[in-house]
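Encoded as structure tokens, the structure appears first; notes follow it.
Going in written order, the chains are labelled A, B, C and D, and every chain counts its residues from 1.
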Amino acid sequence: MMLLLIILVPTVLSGLAMVVPWNQWRPLLIPLAATLHLGLVITTLSGGETSAFDRWLAIDPLNRVFLLAISCIYLLCALYAPGYLWARANRSNRVLCGCVLLFLGVTSLVCLSHHLGLMWVAMETTTLVTAPCIYFNHNARALEATWKYLLIGSVGIALALLGSFFLAYAMIQAGSESTLLFDELVEHSHKISHPWLHAAFILLVVGYGTKMGLAPMHTWKPDAYGEAPGMIGALLAGVLTSVAFLCVLRFFHIAHIAHEDRFAQRILVFFGLLSMGTAAVFMARQKDIKRCLAYSSVEHMGMLAFGIGLGGMAVGGSLLHVFHNGICKVALFLAAGNIHRAYGSKSTDEVTGVIRRLPISGVVLLAGFFAITGSPLFGPFVSEFQILNGAFEAGKPALGLCFLLFLLLVFFGMGNTLVNCAFGPLPEEGTTTQFSDRFSVVFPLLLAIGLTVLLGVWTPEPLPAWITDAQQFLQRSPAE
Amino acid sequence: MFSSLSLHTIIHVAVALLFPPLLLGVINRVKAVFGGRRGQPLLQAYYDLWKLMHKDSVISQTTTWVFLFGPVVSLATGILVALIIPLGHASAPLAFAGDVILAVYLLGLGRFFTMGAALDTGSAFEGMGSAREATFACLAEPVLFIGLLVLAKLTGSFSMIDVLGDGVAEAWSGATVALLLVLVSWFVVLLVENSRIPFDDPNTHLELTMIHEVMVLDHSGPALGMILYGASLKLFVFAALLVRLTGLAATGNPLADWGIFLTGTIVVACLVGVVESAMARFRLPTIPAALVGAGVVAFFGFLLVMIEL
Amino acid sequence: MMTALLEPCMVIAVLLNFYILSVSRLKMLIVVVAIQGVILGLMYPIVHQGFAPTAEAGLDLIPLVRLLALTIAIIAIKGSLIPVMLNRAVLLADIRSTVTSVIGFVPSLLIGGVGAAIVFVFAQQLPVSPDHHSPLLIPTSLTTVLTGFLILVTRREALAQVLGYIVMENGIFIFGLLLIEAVPILVELGVVLDLFVGVFVMGIIVHHVSRAFPEASTEHLASLKEL
Amino acid sequence: MTNELILVSGIGAILSGIPAAVLPARFRIGQALSALVLVFANAVGGYAVFQRLIQGPQAAVTFPSPIAGARLIVDMDGLSAFFLVPVLLVTAAASVFGLEYWKSSEHPQSFRRVPLFFGIMSGAMTLLVVAQDGLLFLAAWETMAVSALILVAAEDHIAETRRAAWLYIAASHFATLCAFGVFTILRSMTGSWEFGVIENAHGPLAAIMAALAFFGFGTKAGIMPMHVWLPSAHSQAPSHVSAIMSGVMIKMGIYGIVRVSTFFPDIPLAWGGIVLGLGTVSAILGVAFAIGQHDIKRLLAYHSVENIGIIVMGLGLALIGRATHQPAWIVLGIGGGMLHVWNHALFKSLLFLGAGSVIHTMGTRNMEVMGGLAKRMPWTANCFLIGAVAICGLPPLNGFVSEILIYTGLFRVLQDTPQGPVQAAALAAPGLAVVGALAAACFIKVVGVVFLGAPRSDRAATAHEAGRAMVGPMLVLVLCCVAIGLLPAACVPLLDTMVTSWTVGADGIPSVGTEFYLTPITIMAGLLIALCLAGCLALRWRGIADAPRGLTWDCGYAAPSPRMQYTSSSFAEMLVKLFRWALQPVVHAPSIRELFPQRARFESHVNDTVLEKAVMPAVRGGLWLVRWGRYFQNGSLQAYLLYILAIIVFLFLWQ
């Protein structure tokens, strides 16, 4: 029942949001849902039920981590929502609120589902519910971004469906009963048909990788993140990509059980490095702050894939990075959203002197930049450093050095954009809007960056244990 | 480290303090002979010093204490260096391990404050002089050092009393060419450091062409005397280096050694005089080339030592 | 008996793919895609019939209900709801009635043909379970996916791309026929519903696009780029 | 107890900026309180260093780390204690200087954040050198680097400052990532990030680690080809910040190299050779670039490159000593190099503070408009002069002591090895001599052009002396310079502790004091001072004080003007020409074609060759490549979908 509640509460509130007539009060439903969700998640994880509906929904060591991550990250964004939407009072937020709430429901469903088909349906639904959010600004650019997002996302996810079918067929090939239930797949996959598994894995990684935003399927990201409100960017970068990553992990797990580690790892490392390299290329001389952050998201998705592909301690690093990347991205996207509001622009040509114009958002932007590029004392360092160490531990120093090189290039590209707009003279009077750093739009930022710093110096219990569990779950020897 | 207060020490101090101005006289006399003149008395420098010490001085309005400190430091460092290097005997009152470096750096300190004093006057010409001095010193100093490396290699030490001590005499048999090369390069350094033709003309009358002399244009009276005395000390020091380098003053007989040493310095002064009479001043741009050439010569000597041993 | 019907269906589906690649009238394209959808819908019970009622088990009622419900749902959505919706979009948004191709129709048809050939060869490489399905099923499915992809990649008009997406989904659906017992009805319904909603949302966007841009070709939707 | 104390000191320093950041600006009480806290925290740190010297090694303090299974270790060993001294002293002095230099009334934009991050940076450096594991080291390292960015960007409304700040942080992050690599490899070889000797440090991985350490930390230190960020960052930062950046922060790069070199049980000879070689290049070219500068702080910055070069030479010698098992070279090399770390910290921060008080009153960094300031600001002038003598390595000040140790070591190379290529190391000695002479030329230029002669502008003619808060710290630093110069033997205990800790576990390492007997330096310095005093007394006795004052001899010109004085560029011209091949000076000379030429302007400046000729072209080339890559994101949805198709096809073919 608890598992169902986790999904239903936001869904019901989403329905409520669609009928609430007051534009001003409606946004408050979002933090309400997020808080309830986090509460439910914590109650469930601390010893509630672990499966429902014939194990269609279940909690295992892997999605436990992700469920907590998305709930926390979502809450941070949710806290920002009322302040932001009040600042945009001239626009109806009915659809946005409904979709954002539904988004929480379906991402939870993706997390919890142990049935590949159900997971796919939920994943496809995330595409559909986020599309209207991206179109919130109702201008031609937002329209274009939504269109691209929708089509690329749908095509990608269609490929994932084909991949899922391939996987099920691979089981038939193996002579066992065809199934899409995750537990059964894992149980029988040691005798799975390998050619079909290969084909399935490729399609699945490409398909869910499209939702994750791995290069070269990342092309929707800069457009969608660039044109969506900062809050939606944060949700996409922190929550959606994380659950897509969980989906990829599910199939990696199956491949692992089927003794296809090397194959799967090679593909993930390939995508990881390609994504990081692509991000580095597109961040250089990037004038648009939000697009820059979008490429950063591509880079970090690459890191996640890279870490899993390396195996060993890097896997733990990758799992931890889901938290760190998500929280840090929230801080960055929300700050970028505030800057966009305040300057009416997100180009470095107009945006200068942010730390004067918006002292808190500017500082958060700067701190977030250092955090996301892996500066020690911030959360992402902890995970990125583990991934890096994993590369050397796995005896692949060349990969480790590549990783370092990309980190450097990304730092150059991103820094050139963000540091330059953080500093500098104030823009001329009259060229900016009235928007300022009010409490309601900065405290979630501060919370996010504070959490990032906190996670950089201290990993709270039970996170380390859970990460270790998840890592062992992923890496447990197929014989068991 | 410090040798006990022996007779040699007393002679050393006496020679170091009293002998140097004579060398100026010798150079002048040689040049006069070459020019077919009778020339000044040999002891003219002593008279000049005496007179300057008793003269009053005029000081430029723009100057600060640095202006007067320049002569003082150049004299003080000159004296100290003269007490570090061995003269007629393979000992020195202030010898210690590593004094080779101290000696070079003391000369550098003297130069530093001389240039400071020149710049303190705010005159374009004195600035020009110190710029040139600075430039040439940069080129001369490594030459000196490469020579010292050769000697250190040959004698297995880097204390002045060993480097220029009795060991050099023995080394000549083994590394004649290398030492000759060092000798030549050091002679060039001597000419540069003491502002001699062909690098500088102490007797020129056009400020634009001067190097060292133009730096001290504004000094007068006792300060000028100090500069003159300091300059003669420096000349003496370099002459002493050259003489010690030949290893001739190591016969074992103290009296003979001192005699050979003093004669040697006078011979060096004569050589300077001969060069001054026989050569014209280099054009300014040629000077760095000549100095680098001396450096290459010394470096070649170093290579020889490295390869031979 | 049933498998005998299956093969012609699939051949028709493949031929429709080629036709789809060569059609330039938008309305015609919508109709052809709808026909393909209907054929797929019909294939569903055929395949099902092929193995579901075994002699021993007899005719189970629940699968039958499921069978009928799904067949009807699929045919309804693919054959009527979606085409009607897209036609409405064409009418409302006053979209130009011809489709243009980035590389031209003949080349795309050629690529489609060559692609189909390659896919058929490729499918030979994959191990196929020796069951009662037609050996054509997997290559047909992949060819259809490829056709959908080709439409997506080569057609300029937004609506044509939506149709490409539907064709691609059709291909996947064909593959899904192999896995009837693995895919529960709930999921199957979900898939179809998602497809429908997806196309619906796309239709809305196409509508907006054609209002924002007079000619709803996606080349006008290329202002967001790096350069 | 000492480890706890130093921890308190570091944290106190990190927090010290808070009063200045939050208290009202009016009475400057916040700033004063901040400086006071920092000085007090550093005093506590100083006490801890002293206790460590007396009590010897203490139990390490450990903390849990955010990465499970690893711990953070704070332990002050000899090396840490040695580096702590300049950190504590110089940051305290500079923070007091900042009280008056960076007044809230003059810098309303940044008067809060400068003390705040000044404190953070100081504390981070304290913690950096006592960290005994990679994680804490990296945390402190990055805190230091990022705080320095904020400090460099204090005047971020100036475009040039922003450029400098960006260049700085880009280079700094390169260093950070190299450090990531270093500690990662450390872990892959030893199983943890804790510092210690790597037993099996062989093979390419060890070489990669060493290279990352040298080039990464070397970037922070400003060794020659990696120094590109240094001149602009040092010149754009507030002067008291430049003082700690140049005096202390770049030493953290040296600390990194030195620390990592303790990890290797055996050092290949080639490493030592490379380090010595690059050190020499850095020293010579650093000072050559310095000579060509007109901006007083840029000039000082290049001297940092030079002095870092000297330090690295000492280190290189010590590494050669370790490779060839020559204790004397080790002791003299590391002893001289590390003593030079102290010395450079002292005199370079002194010089930057001096330059700061000049800039404070002149409002510009351009030396060409200064002149004659010694009359108007005698305290600053004299302090600066002493710093200048010290940095040239001239006796009787501290620079000489460290240089003579390195010289001695280099001479010992000749003495102790009968033959072999190792002897070539001795050639660094004449190199060092060139450096000394060039430095002297450069600093007499600075002193002469800035402080001596006649004022070249109205501003220079009306300059005023700096206040007590600015002169006081300078005097403290002067005292330290003189003290080390006169009593170098007093540094021996700490030096020995440092050497012992650097040569972990090696036997037969003698004391610095026995390898080079330091007492004669004291005697000679005493004699020199006595002789100079005597000379001065003699002049006074000859009545020089009452000497009449006249005009400078003007060689017969009728109307000499202060503008006719030799300027900084004219002074440097010959030397710049000598080093034209490296400096690539840019000359804007008027061409005179008519009989009565118009007013003309002559200008020459020396840009950073490595930056202009190597780094920038590389960046431009990279961006050119990137532009090609960007065509992939061309806005066409069809293309994007094609990528997906292509990658699937590729993966099917690849697998």
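Just so we're on the same page, contacts are C-beta pairs under 8 Å (C-beta built on N, C-alpha and C of every residue); 3 or more make two chains touch, one makes a residue touch a chain.
Just so it is clear, the structure is predicted and the values come from calculations on it, not from any experiment.
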Fill in the blank from the handout: Chain centre (avg CA) closest to assembly CA average -> D
Handout entry: Between chain B and chain D, centroid-to-centroid distance (C-alpha), Å
Key = 35
Fill in the blank from the handout: Whole-angstrom distance, CA centroid of chain A to CA centroid of chain D, is 43
Completion exercise
chain C to chain D, mean C-alpha position gap in Å, rounds to 69
Handout entry: Length of the line joining the C-alpha centres of chain A and chain B, rounded to whole Å
Key = 77
Completion exercise
Note: chain B residues in touch with at least two other chains are none
Handout entry: Contacts with 2+ other chains: residues of chain A
Key = 147-148, 151, 155, 199, 222, 282
Fill in the blank from the handout: Check: chain D positions touching at least 2 other chains come out as 630, 633, 637, 641, 652
Exercise for the section: Give the pairs of chains that touch; include all such pairs. Expected result: A-C, A-D, B-D, C-D
Completion exercise
Listed in rising order, the residues of chain A that touch chain D in the complex are 147-148, 151-152, 155-156, 159, 198-199, 202-203, 206, 210, 216-217, 219-220, 222, 263, 267, 278, 281-282, 284-285, 353, 355-356, 370, 373-377, 379, 381-382, 385-386, 388-389, 391-393, 397, 400-401, 404, 407-408, 411-412, 415-416, 419-420, 423-425, 455-459, 464, 467-468
Handout entry: Contacting residues of chain D [partner chain A, same complex]
Key = 64, 66-68, 109, 135, 138-139, 141-143, 146, 149, 153, 156-157, 159, 162, 165-166, 169-170, 173-174, 176-178, 180-181, 184-185, 187-188, 205, 208, 622-623, 626, 629-630, 632-633, 637, 640-641, 643-644, 646-648, 651-652, 655
Problem - Interfacial residue positions of chain A with respect to chain C in the complex - result: 115, 117-118, 120-121, 124-125, 127-128, 131-132, 135, 140-141, 143-148, 150-151, 154-155, 158, 161-162, 165-166, 168-169, 171-173, 177-180, 193, 195-196, 199, 222-223, 226-227, 282, 286, 291
Handout entry: chain D - residues contacting chain B, complex
Key = 371-372, 374-375, 378, 381, 385, 389, 392-395, 400, 403-404, 407-408, 411, 414-415, 418-419, 423-424, 426-427, 429-431, 433-434, 436-438, 440-441, 443-445, 447-449, 451-454, 516-517, 520-521, 523-524, 527-528, 531-532, 534-536, 538-539, 542-544, 547-555, 560, 562, 564-566, 570-575, 578
Fill in the blank from the handout: In the complex, the residues of chain C that touch chain A are 125-127, 129, 131, 145, 149, 152, 158, 161-162, 165, 168-169, 171-172, 175-176, 178-179, 181-184, 186-188, 190-191, 193-194, 197-198, 201-202, 205, 208-209, 212-213, 218, 221-224, 226
